[in-house]
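Here's the structure we're looking at; comments come further down.
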Amino acid sequence: MIIPVLTLIIMLIVGAVVLGFIAVSAMFLIWWERKVSAHIQTRYGPMRVGWHGALQSVADVIKLLLKENITPSGVDRLSWWLAPFFAVVPVVMVFVCIPFGNIFGIELIARDLNIGILYIMALTSICVLGIFMAGWGSNNKYSLLGGMRSAAQIVSYEIPLVLAMVTAVMFAGSLSMQKIVEAQKGLWFVFQPNMAIAFAIFIIAGTAEVNRTPFDIPEAESELVAGFHTEYSGMKFAMFFLGEYTNMFVISALAATLFLGGWSGPFLPPVIWFLIKTYGLVTFMMWIRWTLPRVRVDQLMGFAWKVLTPVSFANLIVAGWILMK
Amino acid sequence: MAVIERIPASGLIEKFPGGNLALTTSESVLKWSKASSLWPLTFGLACCAIEMIGTGASRFDIDRFGAGVFRASPRQCDVMIVAGTICVKMGDCMKRLYAQMPEPKYVIAMGNCAVSGGIFCRDTYSVVKGTEALGIPVDVLIPGCPPRPENLLFGIMKLQEKIRKEKRVKR
Amino acid sequence: MSNGEAFGLIKLKIPDTSLEEKTRAIVVPREGILEAARCLTGQGFDSLHNLTAVDNKDNVTLVYHFYSMKKRAGIVLKTQLLPDDLTVESVERFWRSADWLEREVYDLFGVKFLNHPNLKRILNPEEWTIHPLRKT
Amino acid sequence: MDDTSLKEDIGTEEFWVNMGPQHPSTHGVLRLELKLSGETVVDGIVHIGYLHRSMEKIAENRTYTQFIPFTDRLDYLASMNNNLAYVLAVEKLMGIEVSDRAKYIRVIMAELGRIASHLFGITTFVQDLGAFATPLFYGMREREKIVELFDDVCGQRLTYNYMRVGGVSRDLPNGADGKIKGIIKYLRPKFDDLEALFNSNPIFTARTRGVGVLTASKAVNYGVTGPNLRASGVKWDLRKDEPYLCYDKFTFDIPVGNNGDAWDRYKVRMDEMRQSLRIAEQAVLGLPEGDPTVKAGRIFRPEPGETYMRSENPRGELGFYIVSDGSPIPFRMKIRSPSFSNIAVLPDLIRGLKIADAVCVLGSLDVVMGEIDR
């Protein structure tokens, strides 16, 4: 009796910590994105609240909480209400098996599932449901177009994304995230030629997966106003924001874990290494976003099916050949 | 006070210790958050829109005040900067946009045209004489044709001041 | 090609054509506008640069500005309409730019262009009944 | 269920989408109605008039001088050029010749105004392609230098009201020519920077090349003028072909495109800025001494008559058709604005393209609502 209760309590504590981390991380990333974009554009960005506007995201979140929550007439209520949760909850669930490293010998991973990668692949695909439900439920043509684009895009880019992950799994010989990190103790995967290709594919497909420029066609501001979340206001809109930035963190964390050696690194504590790698990749994605124009929808699909998928298949075959040799 | 007198047993109700403090601080936090995160609607009508973009651009940088997130959808913004001449044909659209914005919402009338019709006020058959003539309440009026970016920033600061001085947090 | 030469050509087709003294503009009668247009396209005037109307109270004058990119020349064509019968043939079939210009003239002056594909108000709200630039 | 009934059940249908008047990429208050089949634009209708400020009616109630500030608000990105076009028309009507210094100052102002306008036009175009804010802000940063100069010269940042019938409102302030030379020196490398940002970007080229092809004959037939016409391969520039002011004294080239696609329209604008810089440099180096201001009164009565004067604006040929009846106010004034004709071609160009390309074509035409609706 004691042990299940204890496990439950521990899991609750872990859950609270993870949720707290997600909220803080998303808020930090929003502020960070505004500062990064500002400095790319030779300006300062938020300056008035806290040190260099550090409390800007706090103000934004409180304000969004206070905003009126408009439900337009004519929405499909069920999907309208559920969509923001579908956009956030799967991303949060991914955190179960992301290895943050260890502090004083305690492994900072909620549960090291032995099918970790499979679990993550399954969950990240659910996010598209949220976007599609938002697009369908809003009863707005822009939202519908955004949702349709998103569905097509994420389904297409899932394939190269998964193939790139499989390459890493083949090299590590395990589906468990911790094992994959341990397999890179000697040399990070990214330093092997065909893993470097897999890494590049992963970053490209990952950028598309989280709908960031140049693949941000589902929300394409200059075409679809705000895409699938055009009709959302207040906290529901904030949920989409939270989902987007957490998703970005997850993709970067996965890339760091699968290809950049996860939390392993010299001198600094593992947690710090993990965060440096992850936020570094996030910053890279921001840099791309504020530099490149957007691709067109047919170019996007063509790139996925004609370039990215064949290349990742070829890469997989080569990786298999290297392993068999 | 007046409300409390009307409640017969008001004297019997024990006050929550420190409640006043908690209420005022929370209110001021709410007001602070509203004031420092004014997201404008991407909405340029005429000439003033160029100065509005100029205010958002590198040199003046409206984002320093937390007001740089120009949202294209009226559902997600807090302040409508009416930048330019409002014409009869545009009037209905403006009213609809204002109605689509969620509360609490604010309006800045930027430029003489949005204030009163400006130089297009007379001898014209198609210009609405200011935002208020449409029935949209205006919080801050910024004169100028067009106002300089500094003026718009000053208008934003005035609006922040106004929000901080609000009697009660609007819903 | 100058106004004079073009005038000579149009005069052959439409005898009622006259040349305005001061402005050297060719004035054709309302019925001859299509014929004049055909003649001008034949002469290489490929651009209807501007089309507008002037309300002179006793008549409404339509003013056409034509240019030829090849010949680097321009001419002005005018036609006068009486206020009680503001109709004229559309030249949209020769110059696509006439589409919007004619709609604008219709909107502001109430001149009806016959055989125009889409003669609706362009600047003012569609439900308006006044034509704001008329002087009477 | 047999095949036919299934087809009926899940058949696709075309639908209308309304873009604007409030839409991030319609450059103001343009309204488009797009008939879409999935992502493809089947048909498009352009609605204008949301900024119809009845300029032509106002013109019939103002004296010739009083109307100058209104011309600022036509194409508010190139106010100097509008001022110039208007005063040129009135001068032609009255037969006035202006002093040499005034001509040179006007040329400098017009060319710098053209650069400022093109900077804005190009960078908003790239913003429409989805490069959010960064290119726009770079363009705005360079534009700010020119705006600052105009601010020095006439005290306004956007609506300058600088030209007068017979000259300019005041002489250049002290040290302005040095400042202009400084701007020219500053801008030259910046154009290379901007080109480096766009030209070598594979996404930018993929999005613009071959998109929205406007053939030369169609462009002429639609009355398209300015950079859009030149991008289609027609070498027609009023500064060369019907020289006004003293443009015949300067050496400059007219950039021309080959295909008339969005890329060419961008490229022509980019090259035109360099040529404008050349003209401005020659003008500031040869700036003659003298008095550019006007001594004539504010109210004047032109002879009864009419005139049509067009000049090369950044967006095309801006023409003023003025009818005078001998009184101090115009009897009738028609403003032939370039954007009005340029936007009319849009439905023809976007048929069969994707929505994203429709936005791209609209951005590449570079229209300003102020002068479409007037």
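Every chain is named by a letter (A, B, C and D) in the order it is written, and numbering of its residues begins at 1.
As a convention for this text, a contact is a pair of C-beta atoms (placed from the backbone, for glycine too) under 8 Å apart; a residue touches a chain by one contact, two chains touch by 3 or more.
No experiment lies behind these values; they were computed from the predicted model shown.
Q: Looking at chain pairs A-D and B-C, which one is connected by more C-beta pairs in contact?
A: It is A-D, judged by the count of C-beta pairs in contact.
Q: At what distance in angstrom does the C-alpha mean of chain D lie from that of chain A?
A: A distance of 43 Å separates the two centres.
Q: Give, as an integer number of Å, the spacing between the C-alpha centres of chain C and chain B.
A: It comes to 48 Å between the two C-alpha centres.
Q: So what's the Cα centroid distance for chain C and chain D, whole Å?
A: Taking the average C-alpha coordinate of chain C and of chain D, the gap between them is 26 Å.
Q: What whole-Å value do you get for the distance between chain A and chain C if each is reduced to the mean of its CA atoms?
A: So the centre of chain A lies 62 Å away from the centre of chain C.
Q: Got the chain D residues that touch at least 2 other chains?
A: 23-24, 49, 52, 54, 57, 137-138, 141, 373
Q: In chain B, what residues contact two or more other chains?
A: In chain B, 57-59, 72, 89, 125-126 touch at least two other chains.
Q: Enumerate the residues of chain C that touch no fewer than two other chains.
A: Answer for chain C, listing residues that touch two or more other chains: 123-125, 132.
Q: What are all the chain pairs that meet the touch criterion?
A: Result of the pairwise touch check is A-B, A-D, B-C, B-D, C-D.
Q: Could you pull out which chain B residues touch chain A in their complex?
A: That would be residues 29-30, 32-34, 36-37, 57-59, 61, 63-66, 68-69, 71-73, 75-76, 78, 100, 102-104, 169, 171 of chain B.
Q: Touching residues of chain A toward chain B in the complex: what are they?
A: 34, 38, 41-49, 53, 55-56, 58-63, 66-70, 221, 225-226, 229-234, 237
Q: Looking at the complex, which residues from chain D come into contact with chain A?
A: Touch list, chain D to chain A: 15, 17, 23-25, 36, 39, 126-134, 137-138, 141, 201, 203-204, 206-207, 354-357, 359.
Q: Mind pulling up the chain B residues that touch chain D in the complex?
A: By the definition above, chain B touches chain D via 41-47, 49-51, 53-54, 56-59, 72, 74, 84-85, 87, 89-90, 93, 97, 119-120, 122-127, 145-146, 148-149.
Q: Show me the residue ranges of chain C that touch chain D in the complex, using the header's touch definition.
A: For chain C paired with chain D, touching residues are 22-23, 46-50, 52, 54-55, 63, 65, 69, 72, 76, 95-97, 99-101, 104, 108, 121-125, 132-133.
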